[in-house]
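Next come two complexes, and both contain chain A; in the first it sits with chain B, in the second with chain C.
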Partner chain A sequence: MAETAILYDASKCTACKGCQIACKQWNQLPAPLTAEEYEFTKSYQGPLDLDPDTWLLMTFSEVSMDIGVEWNFMRHACFHCTDAACEMACPVGAITHKETGAVVIDQDKCIGCQYCVNNCPFSIPRAKVIGGTDYAKSFKCWQCFDRTSADKDPACVTACPTDALEYGDRAEMVAKAKARVDTLKEQGFDKAEIYGENEVGGMHTIIVAHRGLEAHGLIRDPKVPVATNLLDLAKPLSAVGVGVVVGALGFSFAMGSKYKRGEHSYDEKTDTWTIGEVE
Partner chain B sequence: MTNHWIDLKNSDVLMAIGVNNAENHPISMKWVTEAKLAGAKFVVVDPRFTRSAAVADLYAPLRSGTDIAFYGGLFNYIMENNLQHDEYVKAYTTASWLVTPDYAFSDGLFSGYDTATAKYAADKATWAYQIESEEQWDTTETGKMAWVNGAGTPAFTTPTIKNAKKDLTLQDPNCVWQLMKAHYSRYTPELVSSITGTPLERLLEVYELYASTGEPGKAGSILYAMGQTQHTYGSQNVRAMAMTQLLLGNMGVAGGGVNALRGESNVQGSTDMAMLFHIIPGYMSSPTSVKHPKLADYLSAETPAGSYWTNKPKFLISLLKELYGDYATVDNDYAYDMLPKYDGSNHSHIAMFEKMYNGEMEGLFCWGQNPAQAGPNCGMERKALEKLKWLVAIDLWETETSIFWSEKANATPADIQTEVFLLPAACHYEKQGEIANSGRWIQWRYKAVEPRQDQKDDLEICTELVLKLKELYAAEGGANPEQITELTWDYLDDAGHADITKVARALNGYTVADNSLVKNFTLLAADGSTACGNWIYSGYWNNNDSNEPADQPTGARNDVDEPGEGLTEPIGSYLGWSFAWPVNRRVIYNRASADPSGKPWNENKILVKWDGTKWLRNDVPDFGFQVVDADGVATPTPPNSTAFIMVPEGAGRFFTPGMADGPFPEHYEPFEAPVENQMSSTQINPAITIYPTAAETRGTADEFPIVMTTFRLTEHWQSGVLTRNLPWLVQTMPKMFVELSRELAEEKSIVSGDNVVIENKRGAITAYAMVTDRVKPFTIGGKTVHQIGTPWHWGYAGVCSIGGSANELSPNVGDANTMIPESKAFLVNIRKQEV
Partner chain C sequence: MRYIQRQSAFARGLHWIHTIACMSLFVTGLMLFIPAVASAVGLGAMQGARTVHRVMAVIFIAAPLLAVVVNPKGFKHFLKNMFYKWDAGDKEFMAKFFPYLFTGAKQHMPEQKELKSGQALSDWMLFAFAIAISISGVFLWLSASGVAINGTLTLWMLVAHDVAFVLLGLMMFVHIYLGAGVFQPYRGSVRLMFGDGKVSESDALYHWGTWAKEELAKGDKVSVE
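On to the complex of A and B.
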């Protein structure tokens, strides 16, 4: 299978959230049941942020204009980077690239260290405690690999009423996005640009941001944290034992590119992790 | 919609006004987006900056309730600058028709107004055309109307054809064109801007862009919904849209039309089936004891002299034959006497609840309706429900209505004697049947799963009820028992359960003698030989060889868009997909898509085209395009200038005696307005009915200076009964809120997230404040007017999300023609809730 990508064209998006619900439905991700568990978000964005049960979130931001606003929408979900910090950081190989380019967490292998959570430059993976364990495993969009490997589009793509979402061969999606950016520029969207073609080694979500990356809340020129690369280098050692990697991690924390967390520790005898406190 | 969803892609300019289609009709944006990709412009005119506005090429804010001022200004702009589609206007509209010199208009009032009754004269004598000549129907043996004298056809007085005087130069001061020009010359851009609050430059930008569709070959589409209709002049808003489209030659063309985006998947079907007090199935008037005590009265009064409606007797008699079967004969006037006749007074939702409030009703069936939350002034409606002896609520969930008596509703159960039944209904996946979408497509849907437990589908519930009534009337008699005992209800399967395919057969119509389905309504007769439950549906279930829905036109699923014979390019008609009423026609009045000689205005967007010998068709023609003789040989009918076959004039109407509140739309302020009417001293629509409960709770701008409007969200649906119980949806929009401007928020010391109280004389609700620049104050007549908006999805019933109901605040006054409530513009005040 060739590399594939989801193409999200913000200029065609009406933020109907059909994709967000389709994601919930296909992946059977729960939402709270009672009114008391919900908070007012002060915006059309709901919930306010990704969480372990929300892998795709439509975001809304307003820029005031003389008449009305610029209301900018973005599909916020895993970008499926080629240089995936989460994959590099994962000490047990629970996070891998599929042949499509999708970055997938294998929850059976996940040990709950949350290095992916802490290393992702986009803060995509989120952790929650799941049945039978006392530690939190990580969750995020997996580009519906069960569907794509059966030659079906990801659930979010199928729900889009305006074809703002497409799925297909990555090179083709990139070409479409570029052509669309050209058209949008001709139509007066001077800041229109493509996102994901080259960022972090190339993403498997390609985005047309018609009002420019910043307007849509996208990080310009994202970088895999330096320490994450070190983790990746340390990985072969993991064959020797997880503890060694943990040691390497301690080092990486000391390098501290973005970490604000205390050190995690693993007790081999009891097979449990102690999650470092957030400082 | 006069057109249909897919056809939106054929448009050059789409104007969404009084509709938030991106949010409430998401699929519409598929086709709007296609149009945009092909170079079309999308304009949104709305009091709020919505998700539709977010993807629009041009957005214009407009104070809620000032649409007619906006249209009046547009007419003036078009006529002053000569931007109308001239040839179209002259050929296909009533522009050249002469109106009686008795017609007058002064200071907001049209001639014929009676201040004592607060209504216009019923005969509309001063709103009539000047008559050139009169003729009678040709009912001779070889005449076109010979059927009138056929055996079995009931006698009635045939109407007189009145041919109006015309001035094709459009110069006569009494011609419709000149009257219209004079009427709207008052609507200068500056005055309109001062009324609507739309910045002048932006207003003119919108006018310029939309008027560009007046160029022959260009198409403009108007999309609307409740933002246009839920006003005391909502019907006139819709009239104004129709007039706009006639002026610019946009009616009957691909990518044009007046397109009502229906807010429920099957609300089109419910109107088609006449779930309203004033019509019976197929858009025929309900008989009244005043006007039509006997069948001959009905046929004489309701059959127009011209248009396809001249066939109305055929439709009515066929309906009666379906309702009363063999019992209906020519000798008993086809059981017309069995049809309930109402007294001619208003029995709409608002009127009904007024009666209920006054203790004049005993019981109520609420079938998928939730008036305790969704009705105007719903606090008053809950008080009205208390006066009932019994109430049956039929729904998927517990609704605000089914628990109106509970503590959740702030009621005292011990004080309420109403006996309430909640019948669990099956949802749409649990039953089969058809739904009619906004584009009039009647699409069959199969059942996916069986209903759970004791849920039943609506037809089964209805059938059990009818059969029980029949049993009781048969056993106990009573007044007019035949009305029930003779009523046809053989829509049953072998096990005695409801069989919806039998209803479908009845709606399509059949020949009584051999029970054979008719091909379509052109074969219906007024002599008792055919039966048909709803003439406009005729043709949707006409396959005599199968009873399988998939084998019927309604179940047709050819997803290839094919061009008509002799044409090369298809146009999105998809004639092989489902069935659109009438007779599978996708664009109503499509004759107007070509010039009088039959040449399409736009050769790239052909609906019909006269090639010199015959009509080429990408759609089912909406005119007599051929005559088929007894041997089945078709002779094409050459082009003429009759493009509007459903109106007696045969021409598009700029001026009409058909409205209760004036032959032209005129700007009035809402029932509750923040300012005085700048167009005239007639403040509100002078022809509306104001019931005591509405008059008592009317607020003034001194006390309640803020305009409020209500709206819906993509994330929720209607009264929220369904969606507020679905966690996935609640999570995307969890709480009731109010959108208010930064300016108003500062004035009231409110910040986003505060709990605020919104109140008027009808009630008070709380909501979270969402302070946003998407809502901005208007400058009206030099004065700052604030407007706020809230969704109306919330209420006190449900599990995942409860909150204040916007309709606690909306007034129970309605449009002069339809009585639809004025939910889109009324007055309130707002304050931060004391903690």
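On to the complex of A and C.
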């Protein structure tokens, strides 16, 4: 299977939240249903942030203008980075890349250490304690790998009524995004940009941000944290360290294989020390 | 043959407790350090390992702290041995130690006090890495338990924990090689912490000449077997 990507075109999005609901529905993620459970956010954005049961969130950046409020929408979910910091930090190999490029958490392996939560430069994974146990697990968008591996589009894509979401071959999605950015610029959206083509090794979510990255709440030039890179280096370096130390001690042991020492003794009355020589 | 009581029952007991805690932490830590191990043993074993890791971490930190409270005299003695100004003999010992270690221990080493300068150096390092791994471990535990700790700080604590783990692990190899007497000239030293704490007159004079002569002259820790 070739590398694939979701293309999100913010200029076509009406923020109807169909994708957010479809994600919840397909992945069977619970949502607060009563007024008591749900805190009024005074925003169309709800909930205000991702959580272990909300893997895709439509965000509303509300910018005050002379004529009112301008909304910049964004589909906030895992970007499925090629250089995925979460995968690098996972100590048990529970986070892996699928052949499509999707970064997936294997819940049967996740031990809930939450290193992925702290390492992701976008704060995407979220953890919660699983009912009936004392252990947490991390959750995030998995690009509906169950669907895509059966040649179906991710649930969010199927729900989009305006074709703001597409799914397909990554190279094709990048080409479409570039063409769209050119069109938008011709239409007067001077700040239109593509996001995800090269960031963090190349993402598997490609975004058209017609009002510029910052206006849509995207991080310009995101990086895998330095600490994450160090964690990734720690394993091979420690293997080298173990090899050097064990080798050195083995050499020392071999050199001492014929070691024999005579007895030492001390006469405290005469302060005389007899030294047993090393043979 | 005469023997000197070098390690007390208290010191040996504490060393036993710390050895068990250290080894358990090392094995369970290794399970969390190498992804292939986690895949091989499965989720249940990994969650069990995390629980053991935390229980042993409490023992690892609490045992020496408790020892300081219960036996302040012993702690004072430990500090006195650890922090002293190196004289020419101490410096000469360190200068000769690596040739000694790798060329069959033929070199004549200078007389040493109760703690060899190399032992003190190794103890300082073990002490520093143990403090680093303890502090970073507490942060990681709190973070994983839902205490709101800055994500970047947690990340760097994880790096510190990993680095201290690797360095401590490497130091432990050397500590065991020498301390348990795998290295031929150190044969018999395993008795000091895992036996009755006694060292023969001959070995004491060979390893810690200045200290051995003082103890043999005093005689209160000397027995004949």
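Keep in mind that, in the parts below, the second predicted complex is superposed on the first by the 229 of 279 C-alpha atoms of A that agree within 3 Å, B and C clash if a C-alpha of one lies under 4 Å from a C-alpha of the other, contacts with A are read in each partner's own complex, and residues count from 1 in each chain.
As a convention for this text, contacts are C-beta pairs under 8 Å (C-beta built on N, C-alpha and C of every residue); 3 or more make two chains touch, one makes a residue touch a chain.
The structure displayed is predicted, hence computed values, not measured ones.
Trainee: Touch test for A:149: chain B only (first), chain C only (second), both, or neither?
Mentor: Neither partner.
Trainee: Give one of first, second, both or neither to describe whether A:117 is in contact with chain B, with chain C, with both, or with none.
Mentor: second
Trainee: Would you check which partner chain A:198 touches, where first means chain B only, second means chain C only, and both and neither mean what they say?
Mentor: After superposition on chain A, A:198 lies in contact with neither partner.
Trainee: Answer with first, second, both or neither: which of chain B and chain C does A:91 touch in the superposed model?
Mentor: So A:91 only meets chain C here.
Trainee: Of the two partner chains, chain B (first) and chain C (second), which one does A:230 touch, if any: first, second, both, or neither?
Mentor: second
Trainee: Check the residue A:25 against both partner chains and state whether it touches chain B (first), chain C (second), both, or neither.
Mentor: In the superposed model, A:25 contacts chain B only, not chain C.
Trainee: Check the contacts made with chain A and report whether chain B or chain C touches more of its residues.
Mentor: It is C that touches the greater number of chain A residues.
Trainee: What residues of chain C sit close enough to touch chain A in their complex?
Mentor: Interface residues on the chain C side: 32-36, 38-39, 43, 46-47, 50, 101-106, 143-144, 151-152, 154-156, 158-159, 162-163, 166, 169-170, 173-174, 177, 182-185, 201-203, 205-206, 209, 212-213, 216-217, 219.
Trainee: What part of chain B is in contact with chain A in the complex they form?
Mentor: Going through chain B, the ones touching chain A are 22-23, 26-27, 29-30, 33, 49, 51-55, 59-61, 199, 202, 714-715, 727-735, 737, 752-753, 768, 770, 772-774, 776, 799-802.
Trainee: In the complex of these two chains, what residues of chain A are touching chain C?
Mentor: The touching residues are 89-94, 108-115, 117-119, 123, 135-136, 225, 227-228, 230-231, 234-235, 237-238, 241-242, 245-246, 248-249, 251-253, 255-259, 261, 263-266, 268, 271, 273, 275-276, 278.
Trainee: In their shared complex, at which residues does chain A touch chain B?
Mentor: 11-18, 20-21, 24-25, 30-35, 38-44, 46-47, 54, 62, 64-65, 67-71, 73, 161-164
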